[in-house]
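I've put the structures underneath this note.
One chain, subunit A, links the two complexes that follow: it is found with subunit B in the first and with subunit C in the second.
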Partner chain A sequence: MSTAVAARPAAADRARSVLVSTVPYVLAVLAAFAVVAVIIVLLGHDPAKAFRAVLTNSFRNPTGMVQTLQKWVPLTLLAIAFAIPLAAGRFNIGGEGQMILGATGAVAVGITLSELPLVILLPLTILAGVVAGALWAAVAAWLMERYKVNEILSTVLLNFVSFEILDYVASVVWSDPGAGGAVTLPIGVGAELPALGRPPMHVGVILVALLAAVAAFLAKRSVAGFELSAVGLNERASRLHGIRTGRVAVLSMVVAGAVGGLAGAIEVAGVHQRMLEGIQSNFLLLGIIIGLIARGSLTAVPFVAFGIAVLEVGAGSMQRVSGAPVEIVLILEGLILLFILMSDVIMTRLRRARATKVAAA
Partner chain B sequence: MNEFLVLTITAMVPFLFVAQGTMLSGRAGIFSVSQEGLMLLGAAVGYLVSLQFGSNAVGLVVAGLAGAVFGAALAWATTYLRMDQFVVGLALFFLAGGTASLLYRVVIGEDEPPRIPPLPDVALGLDALVYVAVALSLFLWWWLYRTDAGMRLRSVGENPKAADSLGINVTRTRMIAGTVGAALMAIGGAYLPMVFSGVYADGIVAGRGWIAIALAFFGGWRPQFILLGSAFFAAMDVLAQKAQVSGLAIPHQFVAMLPYLATLLVMVFAFRWALVPQFLGRNYDRESRIVG
Partner chain C sequence: MSETTDTAAPPLLRMSGIRKTFGPVVALDGVDFTVEARQVHGLLGGNGAGKTTLMNVLYGLYDPDAGSIEIDGRPVAIASPRDAIAAGIGMVHQTFLQVDVFTVAENVVLGTSTKGVDAVARIGELSERFGLAVDPTARVADLPVGVRQRVEILKALYRGAKVLVLDEPTTNLTPQEVDDLFGSMRAIVDEGMSVVLITHKIRETMAVCDAMTIMRDGRWVATLDAAATTADDLADRMVGADSASEDETVRVALGEGEVGEATLVVPAAESEVRLTVEGLSVANPGGGDSPPLVDNVSLSLRRGEILGIAGVAGNGQVELAEALTGCRAASGSFVLDDVDLAGRPTADWLATGVVYVPEDRQRDGILPGAGLTENLVLGSHRRRASRGLINWSQARREAVQAIDEFSVKTPSAATPCGQLSGGNIQRVILARAFSHDPQVLLLHNPTRGLDIASTTFVYDRIRRAAAAGCVVIVISEDLDEVIALADRVQVVYAGRLVGDVPRGATDPYALGRLMTGVGA
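For the complex of A and B:
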């Protein structure tokens, strides 16, 4: 056995391997678009018109870009909240509930302490959201570690509980009597995230960009990130090498909850200035799709999230322009995911076939 | 019959179909997590087809077929391609849910949806599917534990390598179990518009698919205990609905949480004594040299 460490390949080789590895991605995305084009034709609409509307809406004017970034923020956060436990081999399907609890924590502080100045109130509001989300996820993490309750089930069931909490808070505790339906009172001015530009974009987007960069860095370069992926790759081996696997798994869930809670707090402080029914939108579903398309890589998540945000913002305009229903976009996203997953299998087979051929020659 | 009893027995039916479907594919080693999506798909297809053909029976059959397609896709991806069961299951959950919304939007649009007639009463004020669901559970109990084919299916979920070495076709068993299981899940979803609402809505399933997975664990992946367990889950469901309209002193939101919280609580115990199939959620690679 040689113990020599392999030399780092030349930059040109690395660039080529990166390029080659993007080919299946591109093909998978194209295949998904092709299938959806057939569906659109079958429904009697023009796919070219539909796709042009979907893809260009974000870039045509500043409003489109702001809408896209506003979606990008919660999508990135929920994708991170899914991807962190995924690295440890755990499935967090509770981003929605963690986000709602985060929003609840944020409005609780933002409404009850609304008189405080911005420098104190804004950090408190965000912090309350983060803590509430972390605690909510901790429930599922505790059930998982202590009672071996499957975390997919516990996180999903807690989502349904969180919907009722949202309804209770928004229609009983801090209900806004002037608004129809389940809407809370507005938070204090000091709890609102400042906005920049025209049309205004809240500064949460900078916060999230920084967070995503730090998370990607930590996942690759820190001890915690290493332990996280070690547990995901081989739990038994990790335990034998002294990693406290249970604690890593629990922590990954709690951190994910904190990130989900942050998403809720930012939606409250930056977008709605209050909590309302449906604040969670379909960010959970999309977050999972993003996390899986990125194959759990925190580096890829923000970029994939941007692509999905473009599709989501374009969906409405696609329906207006071409008549193809908005649900098409969800099918498109599902197919992209499925084809990317399948491209993995195909690539493995191709590689194996080539290896056999080389060995035979 | 007592009204509460009728309501509970009716509420049992979707749980039974979906949980038995989960159990059936699970006993062959395929852990599906697309129940919620398949139920939505079943509800949409069942509703739309019943509307077009004026027959709920046709709606149920076509819903079952739609579910079977997704089940076959999951089984194929996890046997022939050996893709991760949870990941593919989630992807199919999105696709099924998206397809359900899309079909409904294409056919009905934004109009007020027409109602389909409820399933007719057969005996004791209960519809035919109630009897089918109970009979199915008893049949599966007999079939899994008293026939060769049932034992073969269980062996694939427990130890596919041993099963394979004795000449059982692991892949084919998983394909069949996964397909039939998913068909049952979609039929469970199709039952919802036919009995409770008369129309399809995107929120119609309301977590029942996930609760059904919990039910499969709660019943220890055995049909007879799933039958008993579904009665408990159905009673919780009905109690929550009743308490919401009865004007109790407790805010209705807290009552509505009950089924989910009860499920969580039950799972704390269920996972302790649950006899989970040994190979549940894992793919079988016949070329692998690692035993187990």
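For the complex of A and C:
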């Protein structure tokens, strides 16, 4: 079998192609920083000072790192909740609704069963969040599969419903009369995620790190991961080759909802010990940005999420030090994504130009 | 063999030294092509020989890298189809560019000035003169393929074409319609125009052409007078190997000789029945009174039997193929070796060995963005898994073997499948099909668009599968292919199977009548 082709290109070639493919990413990030520097100058601030603050805040002391990692948790989870259905060609824009329902499920258990010991109550609290998020996403998935309702519309609209649910639960059902505004009572002590170290970091970080690793492994190696990407690559061919494409799509949405629900439960059990208005922050938007920058790769998502978490945590420090407003960071994140998308177009053009040059030579 | 160069008048069309590259691929390499006046000129070659590319250059769709075009001895610059039409060139593509909701007359005059012209009368006159029977007031959406083709020819004639290029015009026509088309081509030539017939079928060129030019791998091979050549000679020049025409699969691939004449190895006549299909129907999703897409199909097929299903495209072939392979919900029974698979999920059919090679390879056959290994695993991925994890290292090893066995040309097994050529994609699909250990193999238009080497490869594989006891069903719109391969030919018309003709008793014209629903 001397003529047999290689199963894969040689390791050196693969390493080179990985290196080459990182170039546009690096350039996109640099270009985004350059544009934002101009904006900061126009606003009358010092970009060098602003960037130093935003980039070093996470690494200067343990507090910054803990803040970053705890921010990384919901960012990673919402990015995964976006990326899994994306692999099957579906768009889950309902991450924040699923997260809010997850938080709702967590406080429901954490408040009503608050007397139970940790070994029972904590798993129940987390599980309630996961199930609630999954059920919330299942509504959109069912509408999509049964009635062909566009999942982008249904998930976005269900977000608005979830805001009202949060408001009702936090200001009517389990409202904390002592707190001003929509805030629930605290959950029982047994429902709180244990924290480690000093300053304390909740163990949800470790849980999510494990989960992200397992998800990335399954996406690459498992039957489910293969069917998921097969459906995303060519739904018709997948169906003709025995894959139940409707079931795969529905499951991808439900699993995504469970992951979003987990994010809500961890925010309740690890960070706030209660549910409050605005708990969803802008994690949905950032999760989508992370998922797209990672091009849907579950392997890349945790790393991209860490970078975004650094920027998010550094934003406040930047405003204090340089006076540049925190919104600058969101502009920066948006521009990074925009430039990465543009780099695709540019790379395709370059490749075509080179091909014609080779042919002409 | 006489070269047609020594004439007093300049030729109607002369293309010289045409070169065209697409990136690193040289599609045309200094091709010369000359058409005399009043001539039906065959442009012959396998798929990928460059025939259509050459004519697209003539029609201004491609800008050549080098070369010149002369009409009536005068050089012309053709940068767009508009220039080509102005220079007197008309082209009928394989896919028609028509506005479905317009009438024939509206489609014909579309884009021309209609001031002071009675278009309907002029079209009526053209259609009578050239034997292109068509009602100018009919809506084209209501017309069959053969008539829509006449509309395309009328479009070109209406615009004053002197050279009419027809790209594989007999695809999807019944033998009767082919005869009509050839008659019209003669009438057009008699009026002083010329016709270029792009085809890969030798029999067609022998039947209608005055001269033919053969191309291979983007190069000019020969220009011959019809009177001075033979089918075998043409086949040799097309394939480029001396012994090629000895191989009967090549003869079939080239559509050489009279149809019905080709004989392939006949398997043992009376083996036991393996597959019984009864009352297979697919309801029309429109519901109500609309006729079913597949209407009460029953089959009984023996071990090693090859059933050919002929028919004009759009008569329910795709739905029939999908219903017969468990890919589409259908009523009725499908009993293979005493097991009724009807109603079971597609994966069960596949696991039992009912394997489907679909017509639309890109859309239905592959995951274009995934590597060859992933594509070869598709469908057997559950079988390859233990505890939910796929054994990818073994899959990669098997992929390398399959690539070798099926001679797939690819840089590596990790190359995205969508980057391969059509012939290589079909080899990947076949490699996957045979990895399922097929008991029933259904192929739809298995050689459409393939070059000669790939076509013969596919025929060889089909015959080997049958010899191994597999039940083979070939659904094809290429009547020659069906007649040559099948032990038994049926015709699909409006979702029903009509006629049942054993090998040796096939009369193409009788089949043609069935294909148009006349003999049913």
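Definition applied: the second predicted complex is superposed on the first by the 346 of 361 C-alpha atoms of A that agree within 3 Å, B and C clash if a C-alpha of one lies under 4 Å from a C-alpha of the other, contacts with A are read in each partner's own complex, and residues count from 1 in each chain.
We take it that contacts are C-beta pairs under 8 Å (C-beta built on N, C-alpha and C of every residue); 3 or more make two chains touch, one makes a residue touch a chain.
Everything quoted here is computed from the prediction, not taken from an experiment.
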**OP:** Quick one: classify A:Ser252 as touching subunit B (first), subunit C (second), both or neither.
**Re:** neither
**OP:** Check whether A:Glu333 is in contact with subunit B, with subunit C, with both or with neither, and answer first, second, both or neither.
**Re:** first
Original post:
Between subunit B (first) and subunit C (second), which, if any, makes contact with A:Leu292: first, second, both or neither?
Top reply: first
**OP:** Quick one: classify A:Gln67 as touching subunit B (first), subunit C (second), both or neither.
**Re:** neither
Original post:
Looking at subunit A, does subunit B or subunit C touch a larger number of its residues?
Top reply: B
**OP:** For A:Ser238, select first, second, both or neither according to whether it touches subunit B, subunit C, the two together, or no partner.
**Re:** second
Subject >> Touching partner for A:Ser322 - first (subunit B), second (subunit C), both, neither >> reply: neither
Original post:
In the superposed arrangement, does A:Ser229 touch subunit B (first), subunit C (second), both or neither?
Top reply: second
Original post:
For A:Arg221, is the partner it touches subunit B (first), subunit C (second), both, or none of the two (neither)?
Top reply: second
**OP:** Take the contacts of subunit A with subunit B and those with subunit C, and give the residues found in both.
**Re:** none
**OP:** Report the residues of subunit A in contact with subunit B in the complex, numbered from low to high.
**Re:** 43, 91, 93, 143, 147-150, 152-154, 156-161, 164-165, 167-168, 172, 285, 288-289, 292, 325-328, 330-331, 333-335, 337-338, 341-342, 344-345
**OP:** Could you please specify the touching residues of subunit B with respect to subunit A in the complex?
**Re:** 33, 77, 81-83, 86-88, 90-92, 94-95, 97-99, 101-102, 105-106, 206-207, 210-211, 213-214, 217, 251, 253-254, 256-257, 260-261, 263-264, 267-268, 271-272
**OP:** Flag every residue of subunit A that touches subunit C in the complex, lowest number first.
**Re:** 1, 3-9, 221-224, 226-227, 229-230, 233-234, 236-244, 352, 355-356, 358-359
Subject >> Contact footprint of subunit A on subunit C as seen in their complex >> reply: 21-25, 322, 325, 327, 345-351, 356, 358, 363-370, 373-374, 377-379, 381-382, 385, 388-390, 392, 396-397, 399-401, 403-404, 410-414
